[in-house]
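Next come two complexes built around chain A: one with chain B, the other with chain C.
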Partner chain A sequence: MNSGIFIQTIIGGLGIGSLYALIALGYSMVYRSMGLVNFAQGSIYMVGTYFGIIWYAGIVVGLRVPYPVALLIGILLNAMLGVVLERIFRPLAKLDLMFMLLGTIGLGFVLNNLFVIIFGAEGFAVKSPLPDTPIIVLGIRVLPQMLLLIGGAAALMTALQIFLKRGKLGVAMRASAMDHDIASAMGIPVNRMNALTLAIGSALAAAAGILAAPIVYVNPAMGSAIGLKGFAAAILGGFGSIPGAIVGGLLFGVLEAVSSGYISSSYTRGIAFIIMVLVLMIKPTGIVGETTVEKV
Partner chain B sequence: MDDRTVTDQATRKRFGAKTALLGAAGCVLLLFPLVAPNAYQVHIINTAGIYILISLGLNIAMGFAGQYNLAMGPLWGVGAYTAALLNTRLGIPLWLNLPASMVAAGLVGGIVGLPSMKVRSHYLAIVTIGLGEVINIVLVNAQGLTGGPDGISRIRMPTLFGFPLDSDKRYYYVILLAVVVGFLFARRILRHRVGRSFRAIRDDYQAAKAMGVNTAYYQILAFVVSAVYAGAAGALYAHLDTYISPDIFDFNSSLFILTMTLVGGMGSLVGSIVGALALPILQEYLRVIKNWQLVGYGVAIMVVVLFVPGGTMELVRRFRSSRLAGRLWARNPASGKVRVGETDVP
Partner chain C sequence: MMVEAVHTYYDNVHAVKGISFEVRRGEITALIGANGAGKSTSIKTICGLLRPRSGGVYLEGSPIHKLPPERIVRLGIGYVPEGRRVFPLLTVDENLAMGAFHRRDSAGIARDKAGVYETFPKLMDRRKQLAGALSGGEQQMLAIGRALMSRPSLLVMDEPSLGLAPLLVRQVFEIIVGLNEQGLTILLSEQNARSALKIAHRGIVMETGKVRFADTSKALRENPVVQRAYLGFA
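Now for the complex of A and B:
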């Protein structure tokens, strides 16, 4: 096999993997802080994509804004959605996994169908703000939008790490995730921290969706498959772990790209899931293997 | 079970009423196709009957044994494809395909259940979702065998001693029989040692293990039993609709089955029947308002989860133990007492 094509496959995998990683971060952060497995994450990603892309594609009253502005609007609107969702998720987080699963799936169902009602079931393709012709370096062809996706995701993840490790708010968030009772005894508003976590998770999903929109097709059903894979990626890396979500997402993307390029493109999804199952069987805590906080 | 002796008197008193009720229900069920205004309504009920079978299976695995089996849709597909292939390729009738489908789905279900020995909770959920996806992908891509995305058509409806069961009204009795047998079988095994082991594992895995329950064996058995139900439902579905395609048996169908089971009541076999009847019927009659119906459906799920997590059966229990119910029937307080907290005994 040609090494150029191999590198091209890896880059493609990293691109789609960055998308999975950003979504996996939403799952893991919310699980860490609220103990809630949020199966509506895929729908939140879809909603975030629409929140940004509709302004860029001129769907609302023909109003068009430049791509970076649309990206910002989408991120902000989806962060606000996250804050609203905290109110709905608060009682859910106290229930059994089975009910969390169903409650969040129900919410996803509502979001998906509301968007079908508003924007129609059929989707649309989004034109990349960058040139459509691939950049060729040393015989490796890469779409500029793919590079933007990888770079944007990397920047967001770095910013998140800095925020969580250095910022006062980030430390408060981590403290509240570690122990609700002690954190609130220390004067940290736990519910507000949870709302912030959901806002950040949703904002990352929106960013992922808007950055990937020119590569994937935009429609109200786009969230279900990606949401499932983001969840698988979070589990693969180690559920509840932030580095785990990033590693898991990138790895899941690369695995998918390599298996579709070299084994069989029609069985791609299946191969990625089988590898995930195998990893879990061997190491149930995921690759990064951080022990997560078990919420009671 | 000591509680039974306590209820004995009350049970005997209510025995007559119970028999009468059962008899009446039996008559309604037997006469339904004859009085139904049109064949389409019978078709909806037939579909609901198939869902009852799958939901019973899921309830055994999830409600009683605590094992997250989110591959029910694809396992249902394994049953349907087994029957469809045997029928269209070899001309084998439903009566032989039914056990074959149950065996095939049971085997695949056992494989899906293998990871339960190692992982639990949401990990098990995603593993079963993943393996279910794999099954679905095989159905889509193994074109030589399954016909790919186009599916399999022209599956023949069965005949019974030369009498063709070729309409919804006639097929209804096949499904009714299957549901009754499935329900009684579920009740039987749940009252048996198997059921007690299931509940022990669900309530406290470590304690069950310490008490000498062979946890690995019963966990996988729970998956196999649920898959056997899905397999039977698959064979019945293939021969009823005469056309199947892989998109029917995807993750969304697993979710639909999960929803009806939860709305009915996890850990209650009657709940499965209620949920599996209510949801497909509701979906059918609310079809006019299209997408708003689906929004309402999502809202309904959230309301159930947040306010009545035990599903419809919890509503019934709440009503039973409420003052209003007491005043209405003035029942023996002893019989009322035993019911509380014994909710999961079928």
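Now for the complex of A and C:
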């Protein structure tokens, strides 16, 4: 086994894993704050990608903006979509899992088909804003866009952690997720906290999609597989846990890359899911699991 | 604060059946009754967590029963929930900060936080610890401190002595008296009628969702029916 190839595989896995982690964060944050499993997350990722990348790729009347500007536009527009979604999901969150499932999956279909109607079913490739030639260090070849994806995801996840730990709003979001009634009795507007959560989750998905767009193929169906894998990653790490979503996403990406590199690329997805099931059989709460407090 | 002819349903159970009472400024009012008498439902209705089916709650003459809880706290009603309900995965310090969520005066918030720590030195020692790791008594102190952070003019406390050791119960009651002496109006729900009537100016006795008696504590303590049913006299 060539160690250079191995490291290269791991880096590739971390890249795609960063993408899963950002999607998984959306699932877990929304579940935590609203108790809602949002199966439209994959579609939200697709919509966010379009929201940004169309301005960069010149899809709309040939208008072109620089990549970082497109990234920002996509993040902002998708955050606004998240705020609208809170209003749609509010009644769903009070219902049984079956209704949530139908409601969110249905919404996903609506978004997917809406984008097929607007942009057509076939997609397009996006040119990386960075050079297309791999960087070679010590015999390890990495695409610059892959490094941008990993770095961008790491920066966003760090920013999220700081926001949730330090910011008054972030702490209020966590408080509201822990106890809706008491949070509102303390003056925290719970619905607005939920809207903020959905906005952040959608913004992260948009960032993921726009950062990955030059590596993956952009089309209205792009969210279905990634949405499922993000969900699996969130479960692998511990559904509802924020560090869990990050760990689960990265691990899922690496598992996929290693199994496709060393076992078989045609069974990649199956192998990663089998490992997920095995992990859950040993530790049903996921790797990071639910945080509990020990009495001292 | 006035509660007027309030009917509230809790999970489709008609838990509060047309209660009316008044909480006078500067006083401690005790809401007394057995488990299931409707005390908690009344308290939650006042704080906006439950909406009355009919009737109204008035603060300084203006109706508040249609407002969401996050607006009611701004009007000066602080809430200490039954079972403490501190945010378990936030630190003590963060819990206090959440009590002051709607306030923008950071200097005032810092001053009030220091005040809470002065009243409850134990919390100061555990400032950076998760609230879920505190003992029951400490959590009760934190729940009271958190409510004080909103600078309430009326503090509504739901069974603050529940599940605490007798020594701690006495401490909590001393704190309540102390807060009242500083000018805070207090509405206190209690199963322990004897201790509650000792510190309260007035008492309201609830039975099966209705107000049975409403009088001064002294009169209630001398009332033979109350004595028999709630104060344990033969």
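The rule is short, and it goes like this: the second predicted complex is superposed on the first by the 290 of 296 C-alpha atoms of A that agree within 3 Å, B and C clash if a C-alpha of one lies under 4 Å from a C-alpha of the other, contacts with A are read in each partner's own complex, and residues count from 1 in each chain.
Assume a contact is a pair of C-beta atoms (placed from the backbone, for glycine too) under 8 Å apart; a residue touches a chain by one contact, two chains touch by 3 or more.
From a predicted model like this one, the values you see are computed outputs, not experimental measurements.
By the touch criterion defined above, A:V110 reaches chain B but does not reach chain C.
When the two structures are aligned on the shared chain, A:L97 is found in touch with chain B, with no touch to chain C. More residues of chain A lie in contact with B than with the other chain of the pair chain B and chain C. Residue contacts after overlaying the shared chain place A:F231 against chain B, while chain C stays out of touching range.
Look at A:I287: by the touch rule set out above, it reaches neither chain B nor chain C. Shared-chain residue A:M80: touches no atom of chain B or chain C. Once chain A of one complex is fitted onto chain A of the other, the partner contacts of A:F239 are limited to chain B, with no touch recorded for chain C. Residues of chain A touching chain C in their complex: 168, 171-172, 174-175, 178-179, 181-190, 291-296. Those residues of chain B that touch chain A in the shared complex are 62, 68, 115, 118-119, 121-123, 125-127, 129-131, 133-134, 137-138, 140-141, 251-252, 255, 258-259, 262, 266, 291-292, 294-295, 297-302, 304-306, 309.
Taken together, the chain C residues at the contact with chain A in this complex read 47-49, 68-70, 72-74, 79, 81, 85, 87-90, 94-95, 97-99, 101-102, 130, 132-133, 135, 146, 150. Within the complex, the chain A residues that touch chain B are 37, 88, 91-92, 95-99, 101-103, 105-110, 112-114, 116-117, 224, 228, 231-232, 235, 239, 266-267, 269-270, 273-274, 276-277, 280-281, 284.
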